[in-house]
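Letters A, B, C and D mark the chains in the order given here, with residues in each chain numbered from 1 onward.
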Amino acid sequence: MPGKDVKIVGFLCNWCAYAGADMAGMARMEQPAGMRIIRVPCSGRVDPLLVLKAFQEGADGVLVSGCHPGDCHYGSGNYLARRRLELLGRMLPALGIEPERFHYTWVSASEGARWAEIVNTFTEAIKDVDEGS
Amino acid sequence: MLGVFICQCGTNISATVDTGAVAAAAAGMRGVAHAESIQYTCSDPGQAAIGAAVREKRLDRIVIAACSPRMHEATFRRALERAGLNPYMMEMVNIREQCSWIHADTGEATMKAVDLVRKAVARIRAHVPLQGGKTAAVRRALVIGGGIAGIRAALDISAAGIPVTLVEKSPSIGGNMARLDKTFPTLDCSSCILTPLMVEIKQHDHIELMTNAEVDDVRGLVGDFQIDIRRRSTCVDEEKCTGCMICQEKCPAPAPDDFNAGLCQSKAISVAFPQAVPLVASLRKQYCRRFNGGKCRLCQKLCPAGAVDYGQEDEVVSRSFGAVVAATGYGHYDWTGSYPTFGKGLYPDVITSAQYERLLSASGPTGGLIRRPSDGAEPRQVAFVSCVGSRDESAGRPQCCSVGCMYTAKQAILTKEHIPDSQSYIFYIDMRAGGKNYEEFVRRAQTRYGAIFIRGRVGRIFPRRGKLVVMGTDTLAGDQVEIEADLVVLAAGLTAAPGAGELARKLNIACDETGFMAEEHPKLRPVEAAAAGVFLAGACQGPKDIPATVAQAGAAAAKVIGLLSRGELETSPMVSAVNPSRCAGCFKCRDVCPFGAIDKDRLADGLVTARVIESLCRGCGICNAACPPGAISLNGYTDKQLLAELVEVLR
Amino acid sequence: MEELIPIIKKALEQVDVVLGWAQSPAAGVAVPAFFHTPAEADAAVFDSTCAHNLAVYLPRLADKKVGIVAKGCDARSIAQLIAEGAVKRSGVFVIGASCPGMIDVKKAWRCFGFGKQVCDAAGKVAMEGKTVAREEILLWKCRGCRDPEPVICDVTVGEASSEAPAPPAEPAGIRKRFAAMTVAERRQFWQDQFSRCIRCYACREACPLCVCRDVCTIQAHEPGWAGAAVDSPQSWMAQLIRVNHLAGRCTGCEECERACPVGIPLMLLLEEQNDVVEELFGYRAGGEAKPPFLTFDIKNDTWDEER
Amino acid sequence: MRFIPEENITALLLRLSENATVWAPQVVRDTVNTVLFAPWREGAEIETGLYSALPVKGLVLPATERLFSFRYHRAGEREKIEIEVDELRERAAVFAARACDAKALVTLDALFLDGSGRSYNDQHYRARRGALTVITLACTSCDSACFCSSFEDGAAATAGSDLIFYPVSGGFLAEAVSATGRELAALDLFQESNLEKPPLAETAKVELARLGQRLLDKFDDIDFWRRTAEGCLSCGYCSYACPACHCFNIFDEMESDRAGGRYRCWDACMFYAYTLESSGHNPRPEAAHRYRNRLAHKFSYFPLNRGEFLCTGCGRCIRGCPAGRDVRDVIKALGAG
């Protein structure tokens, strides 16, 4: 069904990824309309439960993005996030959620193009899963 | 009661998002008593409209759909405050950067905008008024780096009566500027304008100078940084040394002369340079015979002041500071690795402009006579190569060093002044002479001093019959050029100072992709670093010339004075808070907190719970995500608020 | 195991209470018992029905000095509680009991009926003439047990067990079926399983590492991670909260699954999580180190970015 | 008395299925021994030996029940709320209930369905109860957790049932208790029989006579309750598994920006949150306080107020307790003390 909207929740840290998404906007980089960004101060603020809750509430995909390792505004938040989220990602198949529906990645404030690319690729990946199942 | 304002942002938003339709949809949302679309919400009339609606409809919380909150959140918070509301009873919806600007289809973009507004309306129901606290600020500033930027900043801050500690890594302040001969475009002597400032630092009542010192550890935050400064052992008692240099004279162990860019040798114990401040000797253990198995104690024996102490150890000094200025300057790009066709540094007469600066200087190794390193001969033909390690993608260095064009022109002029029958050739890509009187200066080098400017890159440099052949293209003439020169001067690019990255990490501030420290906003917050209370001065933030450095140092000083003059700081209320009745006392929050902001609290009934030290909390929310019972919440980003957003956006 | 009783009596000289087991006449198996006096300790037993992990009581008795009879797996829970600071090492006196592997009492009841006394000897479990091969009736965790001897212990009782029960050659029963399922089938599987959850929270209360207890967020009205409605999606979410909070902390004692009155195979989730944590971080809960989600050193965080 | 041959049971259940969901005890797939009342479909095996983990009370008082839907709508400047009560349309029949479970339904009826009109009459409970047919299978055997014989009638209780089946050779004797039961027993699947009722199970007995007063006497002896409750994990299984426990909580859930539902769900007095006040104060902070309340409610307050125990001796709280607690030990200890 081509008309089906893919709804993605994105948890983006205020300092890097959210600013990167803004940057993509400033550069007028067109993106799929299904992304819904929730701003958080740090990717370390993203409790894996937020991701699971998103799936439970019907999200087709969840994306978490923060500063690149080493660049965390708070020093170590993204390292902590990485540990939690990596585990979460690997748990998903056992929970009955296709792992392709979840992605975490790092985007800096200047990487607008990278952000737009991520949204595009991720949306496509989810569409593939939806069609495959 | 809720008010929703949809900004048209001129046509920035309204061209793609039907703002009227979004306002109409918002008006139908639960609890929304007022919804309107405004042309420019951030403008005076826009903010006035918010105030009017607050009064008329007795709104107690406001949703504003406009640009990114990173742009105008602070603006609208102030607007709310003026309207008599708590500034945190506001939620921004980003329908510009993250909606109108990235979607082409009006229907789709409008639907998304409505979704986003709904999400914010759901979230703001969970908002509570927040009140920032006040905390005492330590009235002392730390300036890191004793170059012209640090010197200027230290003097300006102390002029306002705020004590300053100036920390310099090397044995003397002065930095790169002290090594320069003359400065463009006025050709005044660098030392002549710098040394008086250096002396003023030394003599200033409010400035504590620490040389041979580095920042070891940084704790705390704006208003109260606790900083450990390591003073390296120099084996010389600074209080006793008179700078007589007898030790340097008699010392048998050679050591590189850092001040003279490695053009000559100094001694293991030495004074950095004759105008050094403080004028004291320091011993470099790695070159000293005594510290390398020898028995030499000459310096100690000969020192008339008895200042030499081989047992001296590193000393760590801890101080509290209200603010920090980073002024670590720049380093020189090591070109030898990336330009194999320039001889990899094996030809002694291919030197960098920094070295040439020392050859020009009266205080340099040649006493101001230009003598080429290989044979000491006076060069007749001097070739200057611009942009070595600048504006060169193939070397992985696309950035402009911003001063190369100007100092190369300056060095050509000075060459002619030193050796009137010399000829200078300047290979350049573009002449960048944007400053005041700069273009005139470059023209003077061309017309009055006869320097020949060749537009093009140099491909190869190789020796031939006692000369160096510089081969390049003249892109204006479309020809290959070959210059036979006695001396080749490379305008090597500028890098972040060695160790700047490590310092940035300690200060918890970011560096950009070129390694220079990053400012908070390129236009609006050019001297503020990402961490509150840390400011940037001079070339540590990016290559710049002396006037720009001094201007930025002044700006950083003004920011420090502004911050510390009142003696207290307003703290952000967006910090974590513990609900003790929900706390299980497991202290996972304390384990994950990067700032040590969690303490134990014993309640009256003996229960042990976590407590947030608000002055240390920086609002990252890592504890919030780690707290199993949800007892600790980050104000402004509580679980309740995020879940409200999440659930609403998926309906 | 008669030598247990004098050891408990001796321990009572220095602790306020000793946690152990006594025979329940009704259930025909051992049940947790609290021994305050030497006289009470005469009732102490230790046999292969002592499956309960008594470490669950330790955080509730944090203000007392407590003796505890612990099997190898129980000791891991105690060690984990100590590593996390929930229990003080000086506050517990661990009586390490050599464990022969515990039988799944539910299976025994299925075979023999509730309340019939179980006889476990010579590789067989028997009652009133019926016998079952011991390995068929063992708890899953006991098969291929990695810690038959306690990692933390003040005194031991019983001879070191000769050999841990052999691990099963391959996943059996529900584990086998689950492993073969597609992701979509698993989604349905869990939906079915949690449709019978009644939210009694026996899983949580029986878990020694669920230290929040009274203030557990699952039951909190706010922020509402899981709805209060007893339906499959909300109950599933409620369990995911527990699983998530046990990341890097679960010692795999299987108490949640044993406690579940409606037989939801909770260990499928926790075993998977424990395996991933061990694979990613080389960490197994129940030692001296804190969980990898609580401590790390950025400088030594040797994670490969690209994997 | 009427008799139904074993081979007619399926036909009976199919007949019942025509206008009702038939609930029968079945072993849950993949579990060791979990028995639950679940919708019966032809071919499904009914488990009458093992005890079900949960009683049949869920059919009249579901674990979660939507009471009504609400919707905000704008009336001028104000928000108003519209309410719509969901009607129950489905009938249910339970097969092979136990006498102890059926008897507890009568206790619940008295609470939720006060026929006198003086007290509470719950429309949702009324709808479900009215739509429920109870066919009980009398117990001829029992296990060591059962103690229904401590109460009046014991295994022979007929209250709450519509029809009672007594296992006899070749089938079941059927005793109709209500009009619905009589209608069913009149079906052609049944025949007349003069077989004798089998002897019913004689279960464990505990002395309940002075218990109510003993509980009140011991109320303030908190150390006694601490000792009593010290193995208790404070989970909610015993309450949820109890056929007579009936506490509930009410909450609203938003389903969209403007609409939602009000729900009722089981609650258990063994939970800390049960008595937690919004101030943060909790009058029953320890498991001991909660354990005391649970017992005293069952064996003291409720009998004082209503003249009957809030317990039928089904033994689920003993059989399924994750900590192996046995309420009879406490009753004995109280009697002895």
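Everything that follows uses one rule, which is that contacts are C-beta pairs under 8 Å (C-beta built on N, C-alpha and C of every residue); 3 or more make two chains touch, one makes a residue touch a chain.
Since the model is a prediction, treat every value here as computed from it, not as a measurement.
When the interfaces B-C and C-D are ranked by how many C-beta pairs touch across them, C-D comes first.
At the centre of the protein atoms shown, by the Cα-centroid criterion, sits A. Remark: subunit A and subunit D have CA centroids separated by 47 Å (rounded to whole angstrom). Here the CA centre of subunit B is 54 Å from the CA centre of subunit C. With centres taken as mean Cα positions, subunit B sits 30 Å from subunit A. Taken residue by residue, subunit C touches two or more other chains at 213, 215, 220, 225, 293, whereas all remaining positions touch fewer.
With touch defined as above, residues shared between interfaces to two or more other chains in subunit A number as follows: 47, 53, 75-76, 80, 84. Under the contact definition stated at the top, the residues of subunit B that touch 2 or more other chains are 581, 592, 626, 639, 643, 651.
Interchain contacts give a graph that is no line, ring or star and is not complete, per the touch definition above. Those residues of subunit D that touch subunit C in the shared complex are 28, 30-34, 36, 49-51, 53-54, 63-64, 143-145, 204, 227, 230-231, 233-237, 239-241, 249, 251, 253, 263, 265-266, 268, 271-273, 318-320, 322-326, 328.
Chain contact summary for the complex, subunit B toward subunit D: residues 28-31, 33, 118, 121-122, 581, 648, 651.
The touching residues of subunit C, when paired with subunit A in their complex, are 183-190, 225, 233, 236-237, 240-241, 244, 247-248, 268-269, 272-273, 276-277, 280-281, 292-293, 296, 298, 301, 303, 305. Across the interface of their complex, subunit B is touched by residues 72, 74, 77, 79, 255-258, 280 of subunit D. Subunit A makes touch with subunit C in their complex at residues 47-49, 52-53, 56, 69, 75-76, 79-80, 82-84, 86-88, 90-91, 93-98, 133.
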